């Protein structure tokens, strides 16, 4: 049984349709990467699952329950947490307060609490009482991930966590992922850094213009196939280096 | 004229204004909503206490204790069912809806209680006073002032030390992301307005026992509350207390010179602060 | 690449607006003739409607177009009224020029006022304007020469001997009181035409476009070089002038002034806001429709005292919640009719259909 499944998911912003019938599945304990160019609909997909955007109830199933029409707090309560694009820390809260807010909607006991998040990202413990705005970008991203973990989610959604960060910082952050996986949580990451995505994910979905254009196990996908799915099959398109 | 006495009275009066202002400050801090009916809600609470005192023969303090949960419910419902619908990028709907509400409350009270001035009788406490060396202070003004300090300490503790307080600040920063944390902004806003109405009840208790009030007293209470908030600087409750004290001082000193100048001197002090420190004396928020 | 397309033309005129223009001229002709047709009490009612319409158009310009939500416009009504009384009673100036002088006094008051209130952000600006109105009210209540807190009346001969009254008595054989009512009525009518004409021209001008840009997105407007502050200050001063003139005219007709009445937030701001909100904020048609509805409600319900005001408050809240663009907005959305079209429409050119807003429209 899939933990999460979308069936013919569509989403629009007013007159502008952003998703055209997206089907993805996420198995228990699986890590999924969603890749695609800007505007492919990746963030819209994440926001739909997390309940920021409202959809047809039956277009998103979580443990076979239709959750498409639920709002974000109801989604959190069911065990889906999101690390939003752009980190979105609360500027008037300290590092520790940001982490504690992560527990507001779901106070389940589990592997994640303040101590274990500080264990995962030790630098945060040193800076626990600083305002979140005083942190570097990488540290802010750690807070955002830690904050999502505080609700002990069974499904963690990570939207563009490497955006705007130096490669060495990105590597540090991704180093935390095996520890998150060990707890049994499923993870969906949206990434523009394809090499990074292929490294951590079991399976990959590639999106273009609001549709899934390619999916498969990370190990099976060829660079050419990804390239076509990413940019379309136009032979005149200029060649992009993937890694 | 005893200047020391005037100053003491001014400071204590400032406590009352801080009580008027604390609820306004709380609500603005969390949802950027300025409730133009705030003063009328204070007067509504004062009438509620009056009814409880006269109809049930309750002691005013006990009456306020009964009125507080009722006012909380009114505030919660008002925010959840009415004002939440007006929140958004445009500041016009909340202003106009609360302005309409102000007219509705005033005229509803006029219909129910006539235009007569009222007062809540607090018995022997009204005339009781404490000797503080060179000056004496009334027990009620002292209680008003210490209630204001207690309210501000309490609100600060709640905002900075509790889970709900974190949710308040998080929602104030970014309601969408707060939703991703399981916070329901609509309920947080309703809770905040409910709490503001509890503070309003405390303010109403002292308004009603210290001075006369009538159904049209609301707008000037709103203005005093607003002046205290702006003088103190947005976003800081202690600043609001300081703002209340400065307003109270200006009014008492003005009144000591010429009784007709009481209100005017308060306004002029406010304009002077706006002129020299447009962001208030103790600014904290960034707006 | 260039294509031989017919060129675009930008116009704001619509068919309905042309028909309306003809109807409007007819209405105006009748309106000017009214003092010869209807009774004095109807003229007084019409005067009330016209002056409220001027106040409403001004408040609408401030709040609906410049985003300056003021609950303190009564300051200019009251100050205009007091300036008129000062000019007439203390300086012996004829009431007619005194009305214009009162407008200038209002601008003179608006300059320091803007200096204070423009420091306040959004909703706080609203209460700031109210504080200023209170300050001016309290200060004028101290001015014993104009009656202090209890107020004063205009000397009878001031309105009886007002410029134009003699002429009208000779020409039309009117009694003095009738002539002065007719005169103030015509002045109010001219003021309405001038106000609407001015606002309409302003909104169709380059400045009007800048104003709309500021209202929609102040940051973006600044980025393309619109000086938002200057724009708002200009609108604020202009409305102060017109509101001051209207205040002077209102109190010339009433002939009695007191601080509490002249600076009444209910009479000069709450009613005005109600008119604009139910009619439709951000349109010129809205206040016209609103003032008619307001007058009808007042005529029907005025005997109910505070119930009447309570009703107005409730209606205002309901309209704001469920029809935020007012009754004219509802009508205009259904029918597409605009009597004072200020929106620029693209005509001709290669596009056969009008361009509707994209994802953000």
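Letters A, B and C mark the chains in the order given here, with residues in each chain numbered from 1 onward.
Rule of thumb we're sticking to: a contact is a pair of C-beta atoms (placed from the backbone, for glycine too) under 8 Å apart; a residue touches a chain by one contact, two chains touch by 3 or more.
Treat the numbers as computed from the prediction; the structure is a model and nothing was measured.
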Which chain has its C-alpha centre farthest away from the C-alpha centre of chain C? A
Per CA centroids, the chain at the heart of the structure shown is B
Chain centre separation in whole Å, for chain B relative to chain A (CA means): 44
Taking each chain's centre as the mean position of its Cα atoms, how many Å separate chain B from chain C? 34
When the centre of a chain is set as the mean of its C-alpha atoms, what distance in Å lies between chain A and chain C? 54
Residue numbers on chain A that touch chain B, as the complex places them: 50-52, 71-73, 76-77, 81-82, 84, 88, 90-93, 97, 100-106, 147, 151
For a test of understanding, state which residues of chain C touch chain B in their complex under the given definition. 63, 69, 71, 116, 119-124, 126-128, 130-131, 134-135, 138-139, 141-142, 265-266, 270, 273, 277, 281, 305-307, 309-310, 312-314, 316-317, 320-321, 324
Give the list of chain B residues in touch with chain C in this complex. 28, 32-34, 36, 82, 85-86, 91-97, 99-104, 106-108, 110-111, 219-220, 222-223, 226-227, 230, 260, 263-264, 267-268, 270-271, 274-275, 278, 287
In their complex, what parts of chain B are in touch with chain A? 163, 166-167, 169-170, 172-174, 176-184
